[in-house]
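One chain, chain A, appears in both complexes that follow, with chain B as partner in the first and chain C in the second.
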Partner chain A sequence: MSTSYVAVGWNRQKKIYDWLIFGFCFVYLSIFVLLSLIFNGEITFETLLIRSSSTLAVLLLHVILAIGPLCRLNKNFLPLLYNRRHLGVTMFSLALLHGGFSIFQFHSLSNTNPFVSLFISNTNYDSLAAFPFQALGFFALVIFFLMAITSHDFWLHNLSPKVWKTLHMFVYLAYFLVLMHVMFGVIHYERNPVFVIIIFAGAVILVALHLLAGIKERRFDNRKFNLIKGGFVYVCSVDELENSRAKIFCLGKERIAVFRHESKIYAIHNVCKHQGGPLGEGKIIDGCITCPWHGYQYLPHNGQSPPPFKEKVSTYDVKVINDVVWLNPKPYPEGMERSGASLTIDNHE
Partner chain B sequence: MIAVAIIFAMQQKKFSTSRFEFGQLTEVKGIYHQFPVPSIKVTTKQDFFGHSTYITIPLVGYGKFGAEGTIAELEKEKNILLDKMEVTLKGTLLYSDGKTLLQIDKNENPLIGVNAGKTYSPPVIKELGILHLTGEILDPKCYLGVMKPGSGKPHRDCAIRCIEGGMSPVLWVRTDKGETSYYLILDKNGKKMGDELKDYIADPVAVEARAVQYDDWTILFLNGKDKIRRTGGLSWFKTKDGDIHCSPPPKINNAN
Partner chain C sequence: MDLQGDHYSGNCCILAIIIKALDKCIKIEILMIKPQRRGHYYAWIILALLLPAGIVFAWLAISNAEPVKWIKSSNSDLLPLIKSSSRKKEYCVSLRTDKNYTQWQLEWENITPLTVPTAVIYRMPSRNALHYGRQGNRNEGGGPGSTKIEDGILVGRIEARGIYVFPINLDYSGNQELNLILYDFIHQQIVDTINLAL
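The block that comes next holds the complex of A and B.
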């Protein structure tokens, strides 16, 4: 959230997060290499490199894909979301090591360009048993590459959030390609069913998490608000709003965050302009509504980011009558100032 | 997560004890043969009665290439035909399961010496008739030394590159008892096969071919692509490695 771009805006949380990623990768690779050497002493360096990097990359991919739905199901997972892009870039680096070395190992020093060989050596695209699995892995790697190089906020702003998000949703296609790459590739050689079980379990867990998160969100969005007076909708009582916190309501297919701050009630659009985070799940810090995902901030009375930042969200009218909060779901233009509803006696009817 | 690392590491299939003496050059002296595949026949010892034991070491080139190119260059350079001559070659050995290959690299000046005066002994040839075998076609260099694994689907593309680069394809056959045999594959005219076998490499295949014993290697003369077929099926549903195994050969056909 800065006016000039730096490669990484380091802070304490990011450093801790990255050290944890490094530590996890180091432990995983150490265990994998050590046990492989002990229990399979004939393994070569090349095979060890290819397998250790690939298995760790696939594992990290599962973690990355699980973070989103986990955060929607339980806010305790939010710290994992904060620096998820670093996880993604780490996963891509491992995948690149695996893919790059594999292309060198299996396709170089031959009578054909390695990248051409990747597609023309095995051309059994019409056979499941003999399907050219390496091509699937290559396309997955291309998607991960595009995601990694656009992971910085510079691209988020210059591609527009919508385009950026669309590009990054291709991670699901990449995941599918990786699954097929494994199932049509090494699983044909490693016939131990434990590998199939692990891969299958990983996919089932991810699907289940996404479904559960989706069901929860859908239930939330389908909640009916039937009490309407003069364009305002009854949403909750004042007592339900904690100070410096919000409740989120879905009206007319839009989520609106209603905050309580310094004896006033304000309402802004729930979606953060950065990466679509739920502003209503954040809190007010130093007078600014703070997104729980990456810390982007907005002033509650006008939905604008504090200067020199330029992000804006829509604002809404809100009333308090007899300790009951009424919300007008019609949005004002982004950044328009609204006075909010006072909690003093004067505003009670 | 750590459990996943442990499971993945410990449940991998065991690798073979094949060896590739990378970085180590060995001098090998023997009779060079162009047919059936470029190879050097090395006499290992002679008994009291003068009977020799020998080993035939097929030659392979650097990278994913056969040795023909290197041999041709050496012949041109020395202005001599090496076939049936005693030569001393320097190269990198690779071996496994009783079979040995020698990689020669033109950049390493592989031809140490030629002895044109050595008496040539023709190979011992024995017709074995038509064999029906089930096995896997692979490139011998990767399987017998350079790569682990050097067989199966993960290695398929590399095997295709090696065979199309001039390496002699080999049919690897395992019996139900775990015994292994290796058969060099040529076409019916004794020419090397490459692109014709592309769709069959690194997959279980059934082969019908005329077999001829050449010294300590058996050659399969494959009479066309209709004599080879993939045995098919997704490997996921095959329950044991014994799916690749040798069916007992029928009675020897002495028509040839």
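The block that comes next holds the complex of A and C.
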């Protein structure tokens, strides 16, 4: 939302969150090293580095992928979403450490280019038993790299949200590649069923969370509003709207957030211009609708970000008749001022 | 808010063209994120099918060869008698025994750092002579003198540097040959073969 480029828009919450990430990584790596040395005293520094960074990266990847559906299922997880980017960059850094050191360790000693060696040293691409699993990890790392370098809002704005979103959807492909990299790699060598169970459990939890959240969202999107009068659709009663909060309604193709603020009702498009966050799940702070994902703000009466910011969303007509809220799903151009529905006046219409 | 390709110049023009092309390819309207939600949902339905299938296939595809576990080199004293030895530029391999030929040790000394850090030593079914290529395929051969790793017995794993001593079971009757393979299990290829006469 800033008008000038800032590498990281630090605030207290982000600093606390980053310290938590750092602390968790430090504790995890310490425990991993300690246990490895206890149970396998012969382990080398190189192997320790490769294994500790990879296991931590896979763990963080699962956490990152779980945050989205958890937030859709329970709003208490929203603070994690606010800071998910830093977790993603941390995960990529660990994956890069693992990948970079593995290439150095396994491919840099021959007279072949290490990156060429990665693909030609094992050419059993037609064999499941001896599949060159390192290539899978390499492609996943490339996707994570592209995601990490474009994670800044600078790239979100310049690539356009749809290109950016599409690029970041590749995380699902990367996740699949990572799991196959693990299954055809370390699982084939260690053959410990416990590792397989952990990987399988992680995948099942993630799939279940995403499908549950998806089903919930689809049910919400498919809810029917049949009572229509003069282009206005009956959506709810005034009592259902909490002050400075909103209810979200999916009318036709898109979601609309209906806010109650002071003595008026306003309706704006539910999708934040930043990363598509659900504005209706946020609340009005200092007179501005505040996106729960990253704190982007919009004025309720015109859908515009307060100056000097320039983001705008569509506004809608809304009216209140006998304590019933009626919404016109036809959008006005982004930033168009609407007076909102006064609870006291429209009530007597 | 969208990038306009014309805004870029110089080195960035290729990027702008790519972004423009991507922008045209992606039909999802940003104001209509319902398709995006659907996209996420379908992506996870596909993953729900692919992930278990991939995990099961990968598990079933594990080869029957002895797993490459970390076999520690012995800390015990070296046996006094060197029965056979093979010295190469990179390493020296010796077969040690006691005076009664009841205990055996394989001593592996890296003279120069190995260029394959994931090297393991396999003992292969014996025959009188073996002539394997340096880039031998793991699927060649079968039976005595086989180069199939599945037929071998894992002796131990070695790192790039150091001296390693592995206990080895031998039923000594003379006129035999101990056939060893140095195998790179990451690259799935035979690095070298060593034949020690007994």
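Things worth noting here:
Here is the rule we go by: the second predicted complex is superposed on the first by the 346 of 349 C-alpha atoms of A that agree within 3 Å, B and C clash if a C-alpha of one lies under 4 Å from a C-alpha of the other, contacts with A are read in each partner's own complex, and residues count from 1 in each chain.
Here is the rule we use: contacts are C-beta pairs under 8 Å (C-beta built on N, C-alpha and C of every residue); 3 or more make two chains touch, one makes a residue touch a chain.
Everything numeric in this text was worked out from a predicted model, so none of it was measured.
With the C-alpha superposition on chain A as described, chain C and chain B clash in the combined arrangement.
With both structures placed on the common chain, the touch criterion links A:138 to neither chain B nor chain C. Within the superposed three-chain model, A:188 lies in touch with chain B and with chain C [touch as defined at top]. Using the contact criterion defined above for the overlaid structures, shared-chain residue A:40 touches chain B and also reaches chain C.
After overlaying the two complexes on the shared chain, residue contacts for A:32 are found with chain B alone; chain C is out of touch. Contacts of A:121 after superposition: both chain B and chain C are touched. With both structures placed on the common chain, the touch criterion links A:158 to chain C but leaves chain B unconnected.
Within the superposed three-chain model, A:217 lies in touch with chain C and out of touch with chain B [touch as defined at top].
Of the two partner chains placed by superposition, chain B and chain C are both touched by A:105. In the superposition on chain A, A:296 contacts neither chain B nor chain C.
Residues 40, 42-44, 46, 105-106, 109-110, 121-122, 124, 128-130, 132, 134, 183-184, 187-191, 196 of chain A lie at the contact with chain B in one complex and at the contact with chain C in the other. Those residues of chain B lying in contact with chain A across their complex are 1-2, 4-18, 62-65, 147-149, 151-158, 160-162, 164-165, 198-199, 203, 230, 232-236, 238, 241.
Chain contact summary for the complex, chain A toward chain C: residues 40, 42-44, 46, 105-106, 109-110, 121-122, 124, 128-132, 134, 157-163, 165-166, 169, 172, 175-176, 179-180, 183-184, 187-191, 196, 199-200, 203-204, 207, 210-211, 214-215, 217-218, 221, 250, 253-255, 269, 271, 273, 276, 311, 314.
Taken together, the chain C residues at the contact with chain A in this complex read 1-3, 19, 22-23, 26, 28-34, 36-41, 43-45, 47-48, 50-52, 54-55, 57-59, 61-63, 67-70, 72, 113-118, 138, 159-160, 185-189. For chain A in complex with chain B, the residues that touch the partner chain are 24, 27-28, 31-36, 39-40, 42-44, 46-47, 51, 55-56, 59, 63, 105-112, 117-118, 121-124, 128-130, 132-134, 183-192, 194-196, 198.
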